[in-house]
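Okay, so chain A shows up in both of these, paired with chain B first and chain C after.
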Partner chain A sequence: MKKFLFVVLALMLTLSVFAAGDKEAAAAGPQKITIWAWDPNFNIAIMEEAKARYQAINPDVQFEIVDMAKADVEQKLLINLSSGVTDGLPDIVLIEDYNAEKYLSSYPDSFADLSSSFDYSQFAPYKVKLMTVGGKTYGVPFDTGVAGTYYRKDILEAAGFRASDMENITWDRFIEIGEAVFAKTGVSMCAFDPTDGGLVRVMLHSAGSWYFDKNGKPFLAGNPVMEAAVATYAKLINSPGTMKTSGWAEWVGAINSGKAATISTGVWITGSVKAEATQSGKWALAPIPRLNVPGAVNASNLGGSSWYVLNSSKAKATAIDFLKQIYAKDNDFYQKILVDRGAVGSFLPSQGGSAYMVADPFFGGQKVFQNFSAYMQKIPSVEFGSYTYEADSAIASVLPSIYAGGSVADALKAAQAQLENAIK
Partner chain B sequence: MPHEQLLLRRLRGRPSAGLVFSYVFIIIVAAFCLFPFLWMVIGATNVSKDVSMGKLSLGMALFDNFANLNKLVNLPLVFRNTAFVTLVGTFFTLLVASMAGYGFEMYRNRHRERLYAFLLLTMMIPFAAVMIPLFRIFAKVQLLNSFIAVILPSVASVIVIFYFRQSTKSFSRELVEAARIDGLSELQAFFYIYVPSMKSTYAAAAIIVFMSYWNSFLWPLIVLQTNDKKLLTLAISSLSSSYTPDFGVIMLFIILATSPTLVIFFAMQRQFVAGMLGAGK
Partner chain C sequence: MKTIRQSGLVRHHSTAGFHRSTGWMFVSFALILVGVFSIYPVISSFLLSFQTGRGAVYHFNGLGNIQRLLKDTVFLQALKNTFVYFIFQVPIMIILALTIASVLNNPKLKFRGFFRIAIFLPCVTSLVAYSVLFKSMFALDGLVNRMLLAINVVAEPIPWLLDPFWAKVLIIIALTWRWTGYNMMFYLSAMQNISPSYYEAARIDGANAFQQFRYITVPLLKPVILFTSVMSTIGTLQLFDESMNITGGGPANATITISHYIYNVLFRFTPNFGYAATISYVIVFLVAILAFVQFKLTGDDHAA
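Then we have the complex of A and B:
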């Protein structure tokens, strides 16, 4: 019996030693910057590069870069902010652009106002706009999800289309080309997951519109741009030239295996396109098609995220200085992350750098990143509001009825009601 | 093994249509259950691109995937952390829950059933509702980012207490009474008489509790903060959200992460079944 109690006591002692160790680590001083981000091969690796560069300038600063899934970062951040406990918060956090306004407008005092710390004219305007709430700019713009249409030159040529046929077109024209390509070559023009409405977002953004009006109220029903976007998307899905896939893996698999001739999405897909080395030289890049509404441009965006500094940070000044020295100054850093990680930043002065000028043999010698840089500066500014994902799922839930030929206006009314219900 | 004898006797004659049908049915269901595991093993040996193209044969990328995984995740650390949390957590949960289940069944008290019903009622509260208060409590007592914080809230697991109380119903009270007459204290009676005779119950509970600690995700995600405290589940999750997920690496990691639970389950399968059927008989 005594032996047993001894074991219990010993275990408890071990546990308390573990606990005590933490407190010491936490008290290590203000020169430690904790960063939360996701994606070990992208954001985390890029932050490691930034850390190494900053430590060369300021060797006393320690970093703890915590790697979590995106949903996990969001959940953790939300619980910390809503519980009012600041001990657990990091100094810098990565927030996806679509969700930025949600955090900034719900917890405005938790994030550092950086309006006077950075020269925002040096960043892509659409990125600055989405992190500006109530006249204050909070974040440091990071990667862009500038969209483009990657296409198989060889397949399109076999169907009689040239590069100029892909420039400056509408989605309606894209669908026409797709049907011709499919009829002549048997290869699908593109692949899409009918349950995923990501392309609807791309179309909306290209027309400078979003799910919400100026006051942040849902604006799905009776929104002409919204109607055009879902109707066009349904037409695309129903086109014989479109291959229907399910999930991310199958979607990327469609182009890697040569079953689909184009992929229209954010610049971050470049690595996945190039993963199939046997297709080298056969690919090219064109601007994304635009929506057939007034004011729409052949430039849009899908995804992207930015860095934010927490007001509770014990090393706030250092954290801001770190972001300034690297993300708002170091052009060479941006060349390095483009070459190593395929990351396209939104810091404009960096885009004249050598990495952006490289002619890529995979794309037949095209300087794709220079093209992306040009597209990025044309992306319209929109306010994403606080409920992009809620709106996204409301739209996704009515898409099947539109595919089946139902009324677009009625479907959007239903989506509007669902969205209002979800965010009430 | 009465089931096997029954089966053999039935197989000696011509198999009936019903038997054939049930076997076909079982095979189909088993295929559905086993395919994901097969897919996981195949995926772990292929590069990400082949996984996404639906390649169904073994590839040559197993060692590359392992090397990449090793670069992305500090494997020894996360395994050590997870093993620590799981073993210590399982030990204390079994100790506390079995004592509670034993106590609820063996000691009579006027408020016993009311207290027990109240305890069961707490099972109805979803974890999401207590998460933030719990987080605040642990922040107050300065236990954030410690393994104590991960283990403590689930040590008094109501479902395990319930399971031990149900199993204790078949434990004969006379054994403990005899022990008391022989001069054993209450604690001694518990440890020398009850614990050894409930081995299969402990084994079954151990498997369940082991798995729940090994797979715990949400609460550790919230209370653990630094990289040196990372658990397996958190590490797997962090690989999954990226612009270009590496499916081969993820599959390999999942195999590594699930194999300890598989080993534990197969090692203790017999006790598990016996425990589920009811111990102490």
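Then we have the complex of A and C:
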């Protein structure tokens, strides 16, 4: 009997230690919304703005906006969802678009189905498509990664090129211009990290193709757009007009220091381009070059993210209402985040707003956000599928052999085999 | 008579039981913790390694994960990289650590304390902090390339982070920088246990410094050298921070380690806990083999 008592006592002691942690979470009332996001200068700051606006409508609601590194948000979310314990989960979470389907299909029923809560025709169609799984739409589209080519007018003019030479061109023409610019001015046309395949994704998306076919099967080998994209990327990397960099800091440093004359990527780079105030007035914006394949357009996307509501949320209705009132209604909010944070939202009615009409002296008076808004509506819709990063890794592992002049078809076959094995 | 004896027996038994249960009570805290946090995860992950799926949806897969492993080019590349690291890095580091230790063991050397601390210091720095520092130092226009260019060792900057070969070299340099001092400390303390009379006798016999090192120091340090080389090898098998932070596993998976690949399978790719568990059991398996080799070799040493 005594022995039994001891064991029970010991067990109770140990368990009480474990249980102590949970009490605080349970005490939270239903009118508190916890949000996870990752960039204090961007999505966190924007959520703070949204919070202030919603509290003006509904003062009873409290917010807890948690700032973590992006990798931490993803890891915490994965661990919580995988363990099946929902206590630690937030009410709203920001998820990168490339990862959206991975979460939605790997953790069925974990996210709230918002199909009937929002009028999705008011959002950029390509954003809505990537958060729709099995006919149900789950997220609230947030920022877009609409792509553009930012270029230094002064350097291109010194080499004899005008603004019209940058409009509506192919990547092959871009490489030609780059070589001429480099030969005449000694400034590199562009900077790229050869280990990073981000531009391959931009090229694929601009031609309405992706790493996977319509049934979600890997479509690297035998995909003509894929072949054109990696071959063009390899040509670009090997071009004398291209400067090779490693990592984000060197890449952005190349344009800020004036070593490279253009940067082709998502609209979120605007802040980094404008970081070098001495180059004010020298920059301009053009559409992104297109691939030389049928159906390719001069518009694409890189990155971007959206808000998702968790089904386990105790304040689910309030959280949905919050997103609806601000992100699907408040035009003025979108003007403010564009001016303050450079965030191009994907809520279409907001793009007729005053902030989109502003002529930016940094870009020589060009209305860049109006341009971006126009590019955005041309972005083809593709389905990213669950395995963007697996495919990215497979492509990155064969890129060096393509740079070295190896067969594109063979390299893609190897990448396809690796990808098929990775998603078993 | 019978009853007395019986009751005596019973009382004796109950005190023993009391002592035993008191003992168990003291041990129970540790046992429960070990059970919950160590034994249960080991068993559970072993069972998990026979399942596959993604996210929260799993099904039994038998030996499917192992079949997949054998065809997984990234895994094989990671395994190869890990072996390259320890085949090249461990001997370089151990020879360097031995040499530095024997230099620093010289009683005539000035500022010995300073040098010892300076060489030991890298291994108390944070793994992430030093990795980030190395990444910036070895960037294309980083400190190291600028220095090499300035003293005309190279004509153009070395693509440390962009070339598969140089990226491996960089990881080996980084590992050597961080762990040489740590191993040196083992050798230094072992050297101080060698009686000076051996060296005195050797000098009288006319042995030079290298001969003393080769025939006295190294044989007497053999168990420590074995210990450090096995520990380093196991450390290499679990290598993660450097691959993750300096090169990101790239270029083209040229520097990815097994642990880094496990991380990718779990957090970068669509999470497959079953497959990740299978890969981690490969590490367990390799470490077990190495530990066995260690016991074998040190055991022989004691017998001799």
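Operating definition for what follows: the second predicted complex is superposed on the first by the 399 of 424 C-alpha atoms of A that agree within 3 Å, B and C clash if a C-alpha of one lies under 4 Å from a C-alpha of the other, contacts with A are read in each partner's own complex, and residues count from 1 in each chain.
Everything below uses one rule, namely that a residue touches a chain if its C-beta (ideal position, glycine included) is under 8 Å from a C-beta of that chain, and two chains touch if they have at least 3 such contacts.
In this text, all values refer to a predicted model and were calculated from it rather than measured experimentally.
Visitor: Answer with first, second, both or neither: which of chain B and chain C does A:E74 touch in the superposed model?
Guide: In the superposition, A:E74 touches chain C alone.
Visitor: Using the touch definition from the top, say if A:L323 reaches chain B (first), chain C (second), both or neither.
Guide: neither
Visitor: Does chain B (first) or chain C (second) touch A:S82, or do both, or does neither?
Guide: A:S82 sits against chain B and chain C alike.
Visitor: Touch check for A:S246: first (chain B), second (chain C), both, or neither?
Guide: second
Visitor: Quick one: is A:P400 in contact with chain B, with chain C, with both, or with neither? Answer first, second, both or neither.
Guide: Only chain C; A:P400 stays clear of chain B.
Visitor: Which partner does A:L236 reach: the first (chain B), the second (chain C), both, or neither?
Guide: Neither partner.
Visitor: With both complexes superposed on chain A, which partner does A:P40 reach: first (chain B), second (chain C), both or neither?
Guide: first
Visitor: In the superposed arrangement, does A:S272 touch chain B (first), chain C (second), both or neither?
Guide: first
Visitor: Can you list the residues of chain A that touch chain B in one structure and chain C in the other?
Guide: 11, 14, 71, 75, 82, 84, 249-250
Visitor: Give the list of chain A residues in touch with chain C in this complex.
Guide: Per the stated touch rule, the residues are 2-3, 6-7, 10-11, 13-14, 71, 74-75, 78, 81-82, 84, 102-103, 105-108, 110, 193-195, 244-247, 249-250, 386-387, 389-390, 393, 396-400, 414, 417-418, 421-424.
Visitor: Quick one: in the complex, what on chain B touches chain A?
Guide: 48-49, 51-54, 72, 88, 91-92, 95, 131-132, 135-136, 139, 142-148, 151, 187-188, 191, 218, 221-222, 225-227, 234, 237-247
Visitor: Contact residues on chain A for chain B in the complex?
Guide: Counting only chain A, the residues touching chain B are 1, 4, 8, 11, 14-16, 18-19, 22-23, 25-26, 34, 38-42, 64-72, 75-76, 79-80, 82-85, 87-88, 248-250, 252-253, 256-257, 268-269, 271-272, 275-276, 303.
Visitor: Please name which positions on chain C make contact with chain A in the complex.
Guide: It comes out as residues 17-18, 21-22, 24-25, 28-29, 32-33, 52, 54-57, 64, 68, 71-74, 77, 135-136, 139-141, 159, 161-162, 164, 248, 250-253, 264, 266-271, 273.
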